[in-house]
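Chain nomenclature is as follows: A, B, C and D, assigned in order of appearance, with residue numbering initiated at 1 for each chain independently.
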Amino acid sequence: MEQITLEALNKADQKTFTAAIGEVMELAPWVAEQTYAMRPFGSIAALYAAMTDAVRSAGNQHQRALIDGHPDLAGKAAREGKLTADSTAEQAGAGLDRLSDAYRKKFGMPFIVCVRRHGKDSILREFERRLENDPAEERTTALNEIFRIAALRLDQRVAGQDRLKVHGHLSTHVLDTHGGLPAEGVAIELCEIAANGGSRTLKHAVTNADGRTDKPLFTGTPIPIATYELRFAVAAYFASRGVPMSDPPFLGVVPIRFAVAEPEGRYHVPLSVTPWAYSTYRGS
Amino acid sequence: MEQITLEALNKADQKTFTAAIGEVMELAPWVAEQTYAMRPFGSIAALYAAMTDAVRSAGNQHQRALIDGHPDLAGKAAREGKLTADSTAEQAGAGLDRLSDAYRKKFGMPFIVCVRRHGKDSILREFERRLENDPAEERTTALNEIFRIAALRLDQRVAGQDRLKVHGHLSTHVLDTHGGLPAEGVAIELCEIAANGGSRTLKHAVTNADGRTDKPLFTGTPIPIATYELRFAVAAYFASRGVPMSDPPFLGVVPIRFAVAEPEGRYHVPLSVTPWAYSTYRGS
Amino acid sequence: MEQITLEALNKADQKTFTAAIGEVMELAPWVAEQTYAMRPFGSIAALYAAMTDAVRSAGNQHQRALIDGHPDLAGKAAREGKLTADSTAEQAGAGLDRLSDAYRKKFGMPFIVCVRRHGKDSILREFERRLENDPAEERTTALNEIFRIAALRLDQRVAGQDRLKVHGHLSTHVLDTHGGLPAEGVAIELCEIAANGGSRTLKHAVTNADGRTDKPLFTGTPIPIATYELRFAVAAYFASRGVPMSDPPFLGVVPIRFAVAEPEGRYHVPLSVTPWAYSTYRGS
Amino acid sequence: MEQITLEALNKADQKTFTAAIGEVMELAPWVAEQTYAMRPFGSIAALYAAMTDAVRSAGNQHQRALIDGHPDLAGKAAREGKLTADSTAEQAGAGLDRLSDAYRKKFGMPFIVCVRRHGKDSILREFERRLENDPAEERTTALNEIFRIAALRLDQRVAGQDRLKVHGHLSTHVLDTHGGLPAEGVAIELCEIAANGGSRTLKHAVTNADGRTDKPLFTGTPIPIATYELRFAVAAYFASRGVPMSDPPFLGVVPIRFAVAEPEGRYHVPLSVTPWAYSTYRGS
């Protein structure tokens, strides 16, 4: 998708303006139209605030239409490719259908969630949690999810000096406390761990001379709320340095399992390791 | 099986003596018979030394008969229930058959290994490693494995002041470095991890007021050479103490994966943990 | 001092009884006399409870006489050799005189504290803290200190199946996480650290093959409330094992500084160390 | 001192050139004069290499004159204010005089050392170590020290795209693994520790919201080879956050003692801490 600068957007005529950001709020170009009148915007944050304010101050009917304009989750999830890959997903899908029916029966509207902020298990948990809400709370929750979706879209479509806080950051660092230096050449695997224990590889990386990966493991997107496992091939690393170890090595592949709760948070999950001991912590 | 005391054994007539320990060396009651002449024994270690010396100083032919008297590994493994449980085992079994043929072809004798000292993957590794031996080395290796089997049997059959060093020890300890006290009530699972990543639960335990399990995780037997994982339910523990955590908690279940290389070794694998950090090491 | 067994005490005549434990409460043999009537005692704890109950249920006048029978702290401290050794002590002594006067002026009684439970700085802190009490609170506090002194004396004089909880325990353990084994031969120094930063060596020890000291650093006495420092000569240890280090070594002597707040507590303060990293925690 | 850019130096006439960098080699403007002929220099590193090459390829006599042109260490150390501050320094000074005489007697030249790369104890150690050299080795060592001094001077006098590797870097970072966040507001003291245990405060700092100090503890200069202690006021930090602790707190001020062996190295010495446990390591 082509990006437009905030500067260009500020100078655009209404048609161009709406063409550029009309779809930030699903099927609700009226939001962009109302926002148009409030140009110019000093920052993307100001533009985003104007759009969400327009929705908040619109009447009940408009808000309701905005909500109803969203596809229900099953469709959405399918479109994002989240819930179709394997039999686990099928079960999850089955759960979703059931929950989706229960939700629509209780609230009379589609279940809306910013899917990019959640792993599979987290979506099901959200569903169950929100089914407990009363209708007024849930309406607010649904609008907030729409705003989160809008923020991600706006971040993609408009370039400016500032960026919306929609991105998480996950990084690691391996310190060899046997040799007293950054561990270079450690193979790392990042997996997502399902509630049933299943594991899906997301990424492979190798540490550089600083003991870091050349790129963060996540950056520029939300980190889906989920459980992850980092796996560090430490025996291969120490073997490559000629460090004496038992056979098989006491530590072969070190797994560090942790959950992300804030998709827009900074997570630094380092490993300090010898062939006989290790430690980790949540840094930032 | 009934035990006999070393004292009783020292006073026994030859028939009783051989009945008691004749099967310590598979199908070779002559070893017990020769050993009988050397009574009394001051310790079980002395009795064991006398039996292994008898084999070492027996001629080639006797040693060869002792080796040939052992079932091949496939049968033995089956008898110990090691290699029959699931499809992984079938594959392992298939590998074993192939290796067993190759071994007999090269060395002309059955493959003997003290199965209680190895996990599945380790037996296959031993097989592959020993296939590289030259015949003289391999004969010595086979006798040593017979001695290990004999030591375990002797340890079961005869009670005395001393014990043979045939037992490993695996323990853990959970320290809550958030609260500054031993972590009581932490659920722990001990699993064996197969080379293909599969996991088999061996034991469940819960920490007591000292942060320890009431009994060691392994004691009184060799610890099979294998990769293990200890899983500590730390989020449930901290929740029970009312400690604030993210949702989902950063650390839910902490896995510590390690390999045992010395079946008769002492392995203490503790966990020091807060909701945000942990460390472990091999202690003893 | 000679010990008497609880059994003998239970059978003793009154004169012997009072001779044995009459001085447990300073200048108040009437406590032992009243307690005599309640024999036999099933445990030392029961004997101790009987003695403290006798004081608690004695009238105001008796309690007051018991308190007044104690020397003021300056004399007591001098007798215990606590506050006379060096110029720091002289200053502390000067502070004590001033506080002692203030205390007697406010409460009209001598300042009583179980000196063996406190380091120098802690006594001064106690003094300042207790000067804030109201007279009723302070009377209770003074009696409790008398009971603590009595417990320590009783523990010395009478032997039985049980022991009063008057002893602390301080131990350490050095784990070499570079080599993956207990660190043997590490020289350790235990110091008391004064508020002004001064340091007084209390003990030297060397770790054994288990990485522990042959005897605990404190046991069988209260650990005075104070700040301590354990100093571990780790560079000498790693040098003795031929481990490569920088020159000078990154870690030469590792100091671990901690305070004891519970004189009757268990403090285990271990060190896990490589030439480049270390960690410690309060264990028990 | 005024700086000149490498660009300006490349275009300068000989007089200006020599005025700018003639004193980089003590009392040896001939080095700058010879170097002048080799302009232009693509980098400061190239200029430095040209100067040191000029010395290396100069005859024995010139080298000897360069060495003799240096003041002996006592004078130099006095000029740098290193060895005059207190009685310890006087003793060190006394040691220096004795060593200085011994050195001149053995080698017939002044003892030259790049003083900014050493703490007091390290200078004495260097002296003793170098007294063991044979004359040829020691001549090379003396020239290398002159080159180190020259590099520091050149780095001050000439600005360019590159910088000579004459600067060390010391930083720290405090992580609160009780709360799972960077520790903000921790008071830190950096001290130099003398061989006799004495301590001299070099710097005070407080951690910011990232758990770091606003500026590195050392940067832009060599870090003198010496033993240092970082002292972290952790009890005050946890108290400010309302974290429950014992009284007195188990950890009050945490000292981390380490030595710097490479004055031009990167030393990151972080602290991960709860009220009951901590760890540190050499990072970079």
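Assume a residue touches a chain if its C-beta (ideal position, glycine included) is under 8 Å from a C-beta of that chain, and two chains touch if they have at least 3 such contacts.
Just so you know, these numbers come straight off a predicted model, no measurement behind them.
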| item | value |
| --- | --- |
| Proportion of interface numbers common to chain C and chain D (over half same, under half different) | same |
| B-D against A-D, pair bridged by the larger set of C-beta contacts | B-D |
| Selected pair, out of A-B, B-C or B-D, that shares over half of its residue contact pairs with A-C | B-D |
| Where chain C and chain D are represented by their mean Cα positions, the distance between them in whole Å | 46 |
| Averaged-CA centre spacing for the pair chain D and chain B, given as whole angstrom | 55 |
| Whole-Å gap separating chain A and chain D, where each centre is the average of the chain's CA atoms | 46 |
| Junction residues of chain A - those touching two or more other chains | 175, 177, 180, 246, 250, 272, 276-277, 279, 281-282 |
| Pairwise touch network: line, ring, star, complete, or other | complete |
| Partner chain D, residues of chain A touching it in the complex | 175, 177, 180-182, 210, 272, 279, 281-284 |
| Touch list for chain B against partner chain D, complex | 175, 177-180, 246, 250, 272, 274-277, 279 |
| Complex contacts: residues of chain B adjacent to chain A | 122, 197, 199, 225, 227, 229, 246-255, 257-259, 261-262, 276-282 |
